[in-house]
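Going in written order, the chains are labelled A, B, C and D, and every chain counts its residues from 1.
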Amino acid sequence: MTGATVPRDAPAWNVSRWFNVDGAPSLSSLRGRVVFLHAFQMLCPACVQQAVPQSLKVAAAFASTDLAVIGLHTVFEHHHAMGPDALQVYLHENRIGYPVGVDAHRDGDTARHPLPLTMQAYAMQGTPTLMLIDRQGRLRRQRFGLVDDLRLGAEIATLLAEP
Amino acid sequence: MTGATVPRDAPAWNVSRWFNVDGAPSLSSLRGRVVFLHAFQMLCPACVQQAVPQSLKVAAAFASTDLAVIGLHTVFEHHHAMGPDALQVYLHENRIGYPVGVDAHRDGDTARHPLPLTMQAYAMQGTPTLMLIDRQGRLRRQRFGLVDDLRLGAEIATLLAEP
Amino acid sequence: MTGATVPRDAPAWNVSRWFNVDGAPSLSSLRGRVVFLHAFQMLCPACVQQAVPQSLKVAAAFASTDLAVIGLHTVFEHHHAMGPDALQVYLHENRIGYPVGVDAHRDGDTARHPLPLTMQAYAMQGTPTLMLIDRQGRLRRQRFGLVDDLRLGAEIATLLAEP
Amino acid sequence: MTGATVPRDAPAWNVSRWFNVDGAPSLSSLRGRVVFLHAFQMLCPACVQQAVPQSLKVAAAFASTDLAVIGLHTVFEHHHAMGPDALQVYLHENRIGYPVGVDAHRDGDTARHPLPLTMQAYAMQGTPTLMLIDRQGRLRRQRFGLVDDLRLGAEIATLLAEP
């Protein structure tokens, strides 16, 4: 892991709707697996052109029984253009098969509360942001922006190697 | 030019709304310039990841007084997710500054007439599609899918060199 | 063409050995065709990783009856490691089929005259350098370093379109 | 690790000359570290364009106290063009700073014994080949051809995580 941060428990997810999954994945339901959580917006260019394709590669490279790949749609601007119906089209067109949650807004009111709740809980600075959560549910890595494949592969495998 | 097709006059554009421009560009108003017309959908992966970035490079590489770069939003599916308001966000986020028109649907009714009118007039097979129109307004090249930069640069310059 | 330089006749080539061709191509023998001349060294990283692959793409994209692609091995350092025998291996391994000439050194003496003669005649600053010569044999473009595919395609086609 | 092979002790290296290092690295001197061993030829296109640049990225991404990056120049063809003096130029031009050994030929006779000894001992099929050796000196991965960055990063980190 780059940086030296005291690991803390990953904050809970506050999701208004899930796609590609029955039920609602949670940190406790995923305990025992490493979680690759990537926050994106469907109209953010760096997300669409680089971070989401990388997430698809991650999902293909690791067994889902070891690594859970989870997308989080953290819309903090242009809410009218990135609602759940539009997201569903985006997921379909990009053949994204792993679970994706819609980050919830307080009272469901994006006008008064544009910043979604999970994004706030993690103190994300923007999109794309990737997070790695270890088998004990601790947030071990959070990165705003892009990470190269070589280092990302190494960071994931380092957590996978932990008991 | 690849292929050997008899040039024909480019069909007129049927656009319900223009972005990034005052007034409505038309083939006759652009007569004398070469036109690079690229049809896309804002949620089509190959458009977003490759064709639109290439169009931005084309717009940067050639003087707009010689070459008019025009985008055409030819939505033929998932209309609810790709309306003009969503397109406006897309153009803003991707810093697209050249004129982009919304291809019109008959009676403005996307449910009964999902295929837009200009797309039909050009017999486009899907998105992305690029078209090159010469200084006389003739359609000289139409290609569904991607074209590599080297050949595209050559095709544009070939038309620019014509009187 | 970028820049505004008065075209001058391209200097003659001074080549000690040709590969991939019978006889010795010259500017006068190529008169009537556009010439894409690219100077490289087989152990120059930017040449090997980018400029030579681009030259192969150029050779594939244009008809050789219109455009003559010519390589020039302008060795100005590490002469012992880049002699004609090593070059022959390089051409074979990289499947380079267009004519490549070895830029000659005065008196064939690389120790006393490390800079080869054609490189001097063109006042090249290093490798890779690409040059475009028009149908009349005039040097219309010379560029040290890399050029992107879109602009290169356009520059070649602009010269091809001239009578 | 992809595939399921019984690990065996990595064969010893038979090197006629080392670059970029004092003394001669050996598997026993590196015991305790993971070893990324990459076999290449300086005139093999896939080596030069992809495998060597990837090895430089690996060397930059991991601490050398954890991971030893070692190049092995396994020349099995065109020996006259890829001797040690030419290799030295190649290493210099490509700014390769990690240790690189020249794989030895029996009796130093490349004409009678074109295949070098270490290449034979590992039963390599060609170049590029990458090998991963664990902290106990066992060969855990051998791959002829290219491996993508994401998987390579993961494979290295998996071995680094072992005691």
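Going forward, a residue touches a chain if its C-beta (ideal position, glycine included) is under 8 Å from a C-beta of that chain, and two chains touch if they have at least 3 such contacts.
This one's a predicted model, so the numbers in the text were calculated from it and none came from an experiment.
Centre-to-centre separation of subunit A and subunit B, using mean CA positions: 34 Å.
Mean C-alpha position of subunit A lies 50 Å from that of subunit C. With touch defined as above, subunit B holds no residue shared between interfaces to two or more other chains. Judged by the touch criterion defined above, the protein chains form a single closed ring in which each chain touches exactly two others. Inter-chain contacts occur between A-B, A-D, B-C, C-D.
Taken together, the subunit A residues at the contact with subunit B in this complex read 42-45, 48-49, 53, 78, 80-82, 85-86, 88-90, 93-94. Every residue of subunit D that touches subunit A in the complex is listed here, in rising order: 54, 57-58, 61-62, 148-158, 160-162.
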